[in-house]
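What follows is a single structure, and I will ask about it in a moment.
Labels run A, B, C and D following the written order; every chain starts at residue 1.
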């Protein structure tokens, strides 16, 4: 009986992620437009974009290697798996043991490496430039994210996301200073990883500043669609990580189908708020020069480490 | 494995003798290229396999002892094959098999030393490494240790016409020898004036903490010199690129591990890891080494130097793990120590495979293009697909990406950091998170380095027109590469099984292991303590990613279409785009150079607007060379000049020396 | 008994014969033949000693025990191989016009006389005769050092003569004091100079006199051992004399001088029952090792460099004997053996290398391995062996010495570590480009004699990996003798 | 044994010391040789006295030997040498004479103090002589250090041999005959070798100034 529940929970989680991720992107864009007094694009625009791109034929450079064409699928797959193991609705996920927090970071790294390699594959100036910048962001963002997760792990003596959520969510509301610091770090990392202002601007193609867009410049058609989708999946995944660690309440515990019915609206609500907050941050902050980025991320890294030190000093 | 007529140790001795025989056979017809390449090296590879199999057998069987009628009177060669030796012997054999097969296709006519001599030195190198791992008394250990250094020295200087290579070899042998002297003194302490140099006796000695620490420090210095720990790493980026690629592969992949073996053997097995601050020392030293290595490898423009620095990084990570193990063992937390050591051993194995794979890959590239400078390579994936894709496997595992092997060991290492809560002492407790952060940073930078390595060599467009003619690796080389790549994948996918094999080794070292617990949770999942705490299943991981890959692929094809048009890359409206405009290796390293500015000693030459032919040159060198080695050399030179004044040719002065000596001694008698 | 007479008689007769025919064409062969005969005789003698223990013959004037018999064999052997090497070498020198017929005669007869004095010094039981033999050895070689008659060689010989003469005079004074001390115990007719008698009564000898005597003896014989700061004659003499002489000086003379010191040390330890002698020897040894190491790193002349390396190794051996104890003494004896084997082998290769390049300046000797691999690799392997690289015997002894020092006298190890490191850097850094790289040397008229080189290195290799039982027994007995246990 | 002999031996010993000082201070080569001869003569006399007083026959032989060698042969050789090479100049010293003398006196005191405990043990007639012998050795050592020409240096060397010989005869009852013979032989050969050298050096550097022999050094 419980197996059925857990399997359904798993499938549901993946399905919500894959289908709902563009919606989240759309929502963020809409909020941003409102905040900037622009006429907002329709909420479902991302879906239309994806449809259009899938429909178009994809143009590939002559000497593109198979790696170039495989990369979008790998990235997409990685993101799907990421969403599959992050407890968004329920902590009772059969796939969760496949990868714990560290493996999750590894998963993101895998995606990053492949997209960067694909970007270098064509051999245009932009591609390699973007790849370099992406790796620059990555080599600081990854350890920072890992340290954030470590904060939670030290707190709960576990690296498995499910049990982290269960432990923190299980306790009654308490303020963990280490987690608070880690939360700030996580926000900064999330901004950088999802190519948002102030680190990168998804809406620009200005070669001086662009990171993510520079890498995918050569992509078109279905490949581009997959990458865009993967990007929104990544945003979704990060939001879910944040919610799972810092606001775990409402996520269904083991073997309670009713809880799952409650969890869905809770998740949606939390995501809505989170998206709005993200839009707010993007509106309030200005894009920074590319070489400010390491400092930005380094400070995130430091914050995460300090969080751990605080934990060891205060024992909380 | 009892159905073997001989014990594993006998098999390994047979293999050693066979290796020597192969080498000697090579010297019989030194000129004959065919025999050496097509007969002897494959033979050596087969022997390597034998060693690996026998080692596996030894891992699961009781320690075995052999005594050879050689050595000093009263001190014959004691050999002992316990789990620790067996583990490293397996590493040696398996890697050597792949490298030898590759080498049989690699060595060409007319490159420096005649092939027969190379064959002799190469197999002498292998045999001496095997003997080092078998050694059970100080004398045979030292003899084989130095023999290893010597044979590799001659291998490094195989192409001795080039002065840089001679210099590299010189530096290598010098530092190796000084390290060996330190190890010698370490054994001198350990034997505690009993005149009995067997390791058994050394285990029996109850050294005072002071002497134990002296011994440990000497060992750390000696083995660190061989492993390339800061600040004794200086030889490594010189010697590894100088050697022929198979030799570089063996040196990076296996020889450095013998140093790790020695450190484990002395600090855990013989000294029983008594003092906790040893761990702190090793931890800090290792962390510094790892960061230094990875940062330097990020800015290299020579592909083999890049790999050499990355070896320094990995040695650093191993040392961090050892330090953690020492720390835990110092506080008698054996299980945790076992976890850390499992990570160390696992990573040693992984590094052996992927690093030799990468070095062999560079060897193939070198032969195809005669070019080591990353700035002159590129786009080779199209011309040499075999090397390219196999190198990709190596690069991904070196980058520590799931589901390949590099990730498993890094995962284990980070896990063992997460268990430091129980450690007493605020200092240690504050050190640990910082160290963990450092390890994470190093791992991420490792990813950066590998993207640079693979992307610049194999992706993009050829930076030189000549590259278009470069041919793929021949069959022998392919076999070698495939063997190593396969090992990387398997080690990545079946960690639980590997750890059950590592278990007896950690039992030798700290009397505890995690194999049982891991086996408890089945073959699919890797959960060192319990799944609720941490678990990882690379196989499932791979399956899931692949599944979603396939699913999305099929869906896209079915719901939409598979139309694809080939066109020229988009030139952003600038029609004269060419291969030279790609990001260079220097460019790719530039962010790191900016972020880690203080690490380097940079000499930059920028062109001015008025230059006739503007040129840009940037040399980033090692601070240690200028701050440590040159001063030492200067001091020695100064001292010898001072001493030289004694000998100024006048006989009266010489008589004066004798006279004064006489008087002084007479005073000594009657004081 | 007879064997002993042969051992001493053959070289004496040889020098007489060669004094007559030494300038003929066949002279080198005669030289080899006599040396071979001596070697055979000494081998027989050794066999007898192993068979029926120490002997004391000719009114106790000659005494053969395990300590000196192995040195006798070693001496005879190295003298023989050196003669083999000298055969083509001196021919080439003659072709180069550096040797004339009378000089060849001088060389050959003096060569035999030298080996006679060495053997006499080893075999005699009489401290006075020992002194006489040592002095005679100087006199026999001093003219050979000057045999080229170049200003440099004359200067070297002059320094050799004066410094060693003065030094040895101190040794004579020491001997007199020894006799003085012995006379009070043994009486005027008691054969107070016979080592066996002295050894028998060493417990009753007057400590102060013996201490004083040992000081003089150490200064005297130490000068010939080449202990710093009494070593100054050694590099010059080695560098300027013909290479066979450099080989025997390094390989034999130093050993014999050290043997004399050892005999005296045994008596002194017996008389004083303190570490006095040992400490002095350790001090000298350490000083020599350190100084020599730093000298090594500034040499330009190849023979001079290896002369300093001899000083370093003699220092190491003296240090080992100074430490005392069974293991260290064993190591010292082993080191004596392998050093004289390896060092003479090195001088053989160096001699040919210098002949090929027409110079002894190392900057001008390049890439030997290209033109003549055997010489090149011989030099390389020999240098590595002398630097203490296993599996050669030098490593075995250094292993024992260092490990013993680390526990008994830890304060000495930094010095040893430092100087061994510096020496390694110096010698390897100079030899490597000589052997490898682009070449500057040209082939020779006569085929070089390299069998001795590889025979020596082969023995050194064997001693590093496997020490035969009977050899081991020698070493053990001798070590017991020296360590006085 | 009668005190007379002891006094005689002591007298000769004092004479020997005196001669050593004279050697140390003397500039002219010819007179150096004369002094050396006188030293030898003193040695012979003291040896004979010892032999007579202690009834040791072999001391007579050694006295005879000394006479032949050190009184007749050596001086003759030296004379021939300086005639052949005609080097009869004054010898300038490295350190000026008075300083040398002062050093010498210090050495003598040092030697006496050194020998005091030993000579009290000496079984032989002449107790004080050992100290004197030691002093002579050190003095001739000093002489060798200070002289810049070859022949004076050699004379210093021979004087040292004399001192040693004196020590051998007076402090002990003389060395065994075989040793004596050996020593004598060595000294003889040494002289000859030296002579040969002198000529060689002469023909190479056309002078016997050993400051020409300073080229072999660590540059």
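By definition in this document, a residue touches a chain if its C-beta (ideal position, glycine included) is under 8 Å from a C-beta of that chain, and two chains touch if they have at least 3 such contacts.
All values derive from a computational prediction rather than experimental measurement.
Enquirer: Looking only at C-beta pair counts, which chain-chain interface has the most contacts?
Expert: Here the largest contact count links A-B.
Enquirer: Roughly how far is subunit A from subunit B, going centre to centre by Cα mean, in whole Å?
Expert: Spacing between the chain centres: roughly 36 Å.
Enquirer: With centres defined as the mean C-alpha position, give me the subunit B-subunit C separation in Å.
Expert: 44
Enquirer: How many Å are there between the centre of subunit B and the centre of subunit D, using C-alpha atoms for each centre?
Expert: Those two chain centres are 70 Å apart.
Enquirer: Based only on mean CA positions, could you tell me how far subunit A sits from subunit C in angstrom?
Expert: Roughly 79 Å separates the two chain centres.
Enquirer: Give the residues of subunit D that touch two or more other chains, as numbers and ranges in rising order.
Expert: 114, 117, 141, 144, 210, 213-216, 218
Enquirer: Provide the list of subunit B residues touching at least two other chains, using ranges where the numbers run on.
Expert: Touching at least two other chains: 644, 646-647, 651, 655, 662, 666.
Enquirer: Give the residues of subunit C that touch two or more other chains, as numbers and ranges in rising order.
Expert: 158-159, 162, 166, 170, 208, 212, 295, 298
Enquirer: Who touches whom among the chains?
Expert: Chains touch in the following pairs: A-B, B-C, B-D, C-D.
Enquirer: For subunit C, which residues count as touching subunit B in their complex?
Expert: On the subunit C side, the touching residues are 158-159, 162-163, 166-167, 170, 208, 211-212, 215-216, 218-219, 223, 229-230, 232-233, 235, 280, 291, 294-295, 297-298, 326-327, 369, 384, 387, 389-391, 395-396, 399-400, 402-408, 413, 417, 420-422, 424-425, 428-429, 432-433, 436-438, 464-467, 469, 472, 475-476.
Enquirer: Which bits of subunit C are touching subunit D when the two form their complex?
Expert: Residue positions touching the partner: 61, 126, 128-129, 131-132, 135-136, 139, 142-143, 146, 149, 151-152, 154-159, 161-162, 165-166, 169-170, 172-173, 176-177, 179-181, 183-184, 188, 191, 193, 206, 208-209, 212, 236, 239-240, 295, 298.
Enquirer: Which residues, counting only subunit B, touch subunit D once they are in their complex?
Expert: Those residues of subunit B that touch subunit D are 644-652, 655-656, 659, 662-663, 666, 670.
Enquirer: Touching subunit C in the complex: which residues of subunit D?
Expert: 56, 114, 117-118, 121-123, 130, 134, 137, 141, 144, 150, 153, 157, 160-161, 164, 167-168, 171-173, 175-176, 178-179, 182-183, 185-186, 189-190, 193-194, 196-197, 200-201, 204-205, 210, 212-216, 218
Enquirer: Quick one: in the complex, what on subunit B touches subunit C?
Expert: 69-73, 138-139, 142-144, 146-147, 150, 157, 160-161, 163, 166, 169-170, 173-174, 177-178, 181-182, 184-185, 187-189, 191-193, 195, 197, 636-637, 639-641, 643-644, 646-647, 651, 654-655, 657-658, 661-662, 665-666, 668-669
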